[in-house]
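Take a look at the structure set out below.
Chains here go by letter, A, B, C, D and E, matching the order in which they are written, and residues are numbered from 1 within each.
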Amino acid sequence: MVGLSISEQHFVKGGIAQDLRTDGRKRLTYRPIYVETGVIPQANGSARVRIGGTDVIASVKAEIGRPSSLQPDKGKVAVFIDCSPTAEPTFGGRGGEELSSELALALQRCLLGGKSGAGAGINLSLLVIKEGKVCWDLYIDGLVISSDGNLLDALGAAIKAALANTAIPKVNVSTEVADNEQPEIDISDEEYQQFDTSGVPVIVTLTKVGTHYIADATAEEESQMSSAVSISVNRSGHICGLTKRGGSGLDPSVILDMISVAKHVSETLMNKLDSEISAAEACEDES
Amino acid sequence: MGLPDSTQDLSSEMDVDAFRRIFPLRFFERHLSESLRPDARPLGKARDTIVNLGLVSTADGSALAKIGSTTMLAAIRMEVMTPSTDSPDEGCIAIEFHMPPICSPTVRPGRPAEAAPVISKRLSDTILSSGMIDLKELCLVSGKAAWMSYLDIYCLDADGSLFDAALLSAVAAFSNLKIPVVALNDNGRIVAINGEGEEESNASKKEAVNKEKRKLTLKNVPSSLTCILHKSYILADPTAEEESIMDTLVTVVLDSSDQMVSFYKSGGNVLAYSSAIKSCVELAKKRGKELKQILGEMDID
Amino acid sequence: MVMRKLELPLSQTQKVRFQTAIERLQSPAEGHGTSEVDDELLATVCGVVVRVDKLVYVRTLRARYKPQVGDIVVGRVIEVAQTRWRVDLNFTQDSFINMHDDNVQKRRTSVDELNMRNIFAEDDVVCAEVGEFHKDGSLILRVRSQKHGKLDKGQLLKVDPYLVKRIKPQFHYIESLGIDLILGCNGFIWVGEHGHVRDPMTKNTRKEQSHTPLETRQTICRIGNAIQVLSNLGFTMTLEVIMETFKLSNTRNIDIHDMLGSEFHVLVTENEAERRHG
Amino acid sequence: MEIDREDGRKPNQLRPLACSRNILNRPHGSASWSQGDTKVLAAVYGPKAGIKKNENPEKACFEVIWKPKSGQIGKAEKEYEMILKRTIQSICVLTVNPNTTTSVIIQVVHDDGSLLPCAVNAACAALVDAGIPMKHLAVAICCCLADNGSIVLDPSKLEEKKMTALAYLVFPNTTLSVLPEGSSLVEGEPVEDGIITSVTYGVMSVDDYFLCVENGRAATASLSAFFRKNFQQSQKVSFKA
Amino acid sequence: MAAKQGAAATTYSPKPLVRTRPPIFKDSDLDWTRPDGRGFHQCRPALLQTGAVSSASGSAYAEFGNTKVIVSVFGPRESKKAMSYSDVGRLNCDVTYTTFASTGTDHKEFSSMLHKALEGVIMMESFPKTTVDVFALVLESGGSDLPVVISCASLALADAGIMMYDLITAVSVSCIGKSLMIDPVTEEEGCEDGSFTMTCMPSRYEITQLTITGEWTTPNINEAMQLCLDACSKLGEIMRDCLKQAASASEELT
């Protein structure tokens, strides 16, 4: 964990109050974001996202599965996060596990919508091959390689990029099957289907330090936070999920204010991310 | 009691609570010499006992038993199993006793209490060997399907005499048990027939296999009483504090016809002589009658 | 540890400029962690050999500080023990400041031991001199002069230790800017508002702290980012290079935060090539 | 009433006893005890410095580890561990080695009935072998109530299954005391008549239980004698050596 | 006599696994009634009681409809794990379900979520170097389990005399179609389009925890927030009354 002396803490907080953070950023400025796609050839889609010293990889694997009986018209998505002990020694033990499950839970909240499946960032209906019988199960794995704050935004961006990079093979299903039998399926080797990621939201975490809140906090800044609100916003400006961290309370009006700021920040982030993703995709095609 | 003079003097000066903490044994012996316990009970009397039935709506039968502060919640879930070939027309009872961290400061999450599996085992030995339940009553279709009843007992508050309270809650839960009405479907599986009104697709058309057997007949209901042997005193239904100070515990389980189901004493500094055993059995008989009355009141409503 | 971040995304023109600059610096593009022996490029540190076009450098797995007696180091207190403080110096062994060090404490009583946190608490940044090696290989630090002691009002940057050469003085007071710069031999660099290092004997007076003036803060940030860029590029840290980079960013009117972008990295490389050849 | 049992024993007859001590090198004390085909090994380590879990500044602690012949330990074994632990704590002098822990490891070699009494006897012999200060020995016996109401001692596994009820009883051994007669009497009953541990299975009348206790008590005399003889023998051997 | 251990046998519940799903709530369909006949903005009747567990430093029992929860608080007591120096106290939370509480789903994340909800309200500096343990047992799950656990835990902390800035109350809202329903039951949670769970300090009017799932528009968030805030302040009053009653009852005794 980051340890700062009292005076350093004071220095960091002072910088935020003066709108000049230790690396020269303003409160709502993100660090440079770099995206690489297709970093894991075995996966159906993958991406690496670096935001300053934070470095994460996300991969998407698609497997044939069976829809749950409660939602026969939808595919399934599972999110797992692994915090590598290389990123920080404390990730090795239970601390890493706890953080991993917390991040996975927050990402699931942001991406998968309500229990009925409505409002999901990933259109689960597209994953169905044959209703009630066959669907795609998406396994999204996130790996934190290096951690310098703002893991959730980075992971959210990496998952978005990995989904944009994902190609799912076309599947042909034998049409007529008896009620209680599994249909035969034929997975194509050549034809692939790109994944529509227009609905995938971006996550903006606003970290409250002192009386101000900042975007894209570094680990040093996070160590000084009183609370942080992670808001996932989709292209249409709707909130797709929200998680608050940190114990201290916030006035309801502050939260509403943060939501509107997050919406604003998300637009720039979304555009930046989209252009980075397309540049990365172009780069990958080139090589 | 031959207390050393120093503490005698101290006790008159000291605060009662402080004396209780520093010289717990002397504190108790003082009371015992006057045939009274710190909670104003006579030696042979059990604490107030309350039983409530049917508190858990997700279970098929449930009961809450409270002896003094000691609280137990027992619930039964009925599931279907294929009976073993040795006893094709018998069901099964699986009993588990839990001590969650809420019940006592000594239990911590991730480290199950030492006492829990032991009490679990004693409960299943006692309930199964008492013959309270005829396992044949749990049969649905001979050789094909029988009930497996999962009895889970949670200790919500541990303040001594855990076994007594657990057994009481278990018995009460069985008396509260309502076996779901079920039918055999085409695939050979047992399915529930939901209550009236509900138009279940095909299950309701089937003949119920257990229309009459909605309740179990309980005979030879066991009741138990734990006593502390200390010097020549016998203290019925000890609290956790008493258990921690005086370590010789005797648990007598008698059934409704005063047959002995279990006489359990494991170690302890005091040896049990015939006279003490007889007194414990007498106390247990008396306690059995009290409990019968408490349970009897429940059966009326 | 600061990870090498040379994998900057460069535009086509930036790439070309970067390459030329690197070539001018040292042909065949010898990066840090390498040296030329008998026309052969050898790795001088243990790590992964990385090639960026023609640039060859060795990314060290874990660059650790190798102390020498007399080094000025900057470290962070990680533990307050019975009579001493354990300090993180990025050294393989433990380093300690002893309680009975002359300048820390004249007399030593058991009450002082209880109040050790009043002098240095966990996570405090301290500046000290390497005193001696203990028998077991651990290091004893001295807090001798008035310059040593707890550091206040600034930020700590960590670079690979071999980027900081043992050139005295390591304390710099840049008067024109009102900035203190301490280049610790262990790669820990302190940039902070100028002020006298507080006598460790004086008690922590946390309340009276006020915010650093914005202008000073801007300078601190700019110098901090300059050091960051130099560290990314693997250039040796000296006062001159740091100040030159600082001035370059100022004259080019580069926003403090944009210093960490690709363009400024290329600029600094070009500038360095110019400097060595000019 | 006197019917012979499957192995030809009389109801009150025990199976042949065997006990050998100091059979293992590493533990501080060890013993094997067998009753017929039931055989149990016991090893004692300690007293050693108290471990944090059951630290007690005033008393010595005991822990019992039960190793079944095969497989994992379940609830039954946990219960045995607890019973043994409490039984051992009641016969040992706990104030001599305060803040120490003594481990007793029970390894079941073969189970042919009366397993718990056999383990108690083995543990007792091992404690003696390890020189743990004890108030007195404990002798354990299993008494059964047959269908026909007769009492059978030391049953085999087959017999245990057929019985309506059984009781595991542990008594103090008969002491050959130099103290004057009446002093060892408690409320008119000799010390060795008191029950240390009693565990019963199955339903029986209270009178039947007392009958079990009486029969068990009678049999402990011969067990005590066996203990004494066994200890004296090994004592002689060690004197010779 | 031989105890029959049925643990090895495979069993199944005769009850249908697929929970009877209420008819999908169409956007236009406004005359939907809740399974327990409540109004959309009506909470379940709450029963709260302190001092449920005698051996704990403080405890509380909460019953909201079918959701039944017991929370015990132990400490401040010696920290069990050997940990580094800390001049503030530690909080340790654990949430468990009874085996008969609900079907399937285990809620491993609840322990850490309870911890997050409570850490901000407890004055940790009032018990340095020691630990307060908050253990919750869900006796029966009937929907909105976590909010009930959190509110109940804050009551138990108050009962234990742990210093807090305020009480903590938690309420959740389910969004089904266009309707917002407060304090949802299990069936409603199973088919919700979005959920909104809020934990707040009612007297200080501050939100300590907030989680939103599903797609929400800003007006919806505003409405849900207002609903939750109102419900939280009402719940806060009920909890306060409960504590006052307990206090006056104990005064009468002495």
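FYI, contacts are C-beta pairs under 8 Å (C-beta built on N, C-alpha and C of every residue); 3 or more make two chains touch, one makes a residue touch a chain.
In this text the structure is predicted, and so the values were computed from the model without any measurement.
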{"item": "Per-chain Cα centre nearest the global Cα centre, belonging to chain", "value": "E"}
{"item": "Centroid comparison with chain D (C-alpha atoms), farthest chain", "value": "C"}
{"item": "Pair sharing more residue contacts (C-beta pairs) when A-C is set against B-E", "value": "B-E"}
{"item": "Whole-Å separation of chain centres (CA-atom averages), chain A against chain D", "value": "64"}
{"item": "Rounded Å distance between chain D and chain E, as computed from the means of their C-alpha atoms", "value": "51"}
{"item": "Mean-CA-position distance for chain C and chain A (Å)", "value": "34"}
{"item": "Chain B and chain E, separation of their C-alpha mean positions in angstrom", "value": "29"}
{"item": "Per-residue overlap in chain E, given as positions that touch at least 2 other chains", "value": "1"}
{"item": "Overlap residues in chain B, where contacts from two or more other chains coincide", "value": "124-125, 129"}
{"item": "Multi-chain contact residues (two or more partners), chain A", "value": "none"}
{"item": "Contacting residues of chain A [partner chain C, same complex]", "value": "3-8, 10-11, 14-15, 17-18, 20-26, 29, 31-32, 34, 52-53, 55, 146"}
{"item": "Chain E residues touching chain B - in the complex, by the definition given at the top", "value": "1, 3-7, 9-16, 52-56, 59, 66, 68, 70-72, 74, 77, 80, 94, 96, 98-103, 133, 135-137, 139-142"}
{"item": "Residues of chain E touching chain A in the complex", "value": "17-19, 21, 108-109, 112, 116-121, 175-176, 189-195, 200-201, 204-218, 221-222, 225, 229"}
{"item": "Touching residues (chain side chain B, partner chain E) in the complex", "value": "55-59, 62, 69, 71, 73, 75, 77-82, 84, 90, 92-94, 96, 98, 100-105, 108-109, 124-125, 128-129, 135, 148, 150, 152, 154, 156-159, 180, 182, 189-192, 200, 240"}
{"item": "Of chain D, residues touching chain B in the complex", "value": "75-76, 78-79, 82-83, 85-90, 167, 172, 186-187, 189, 191, 193-206, 208-210, 213"}
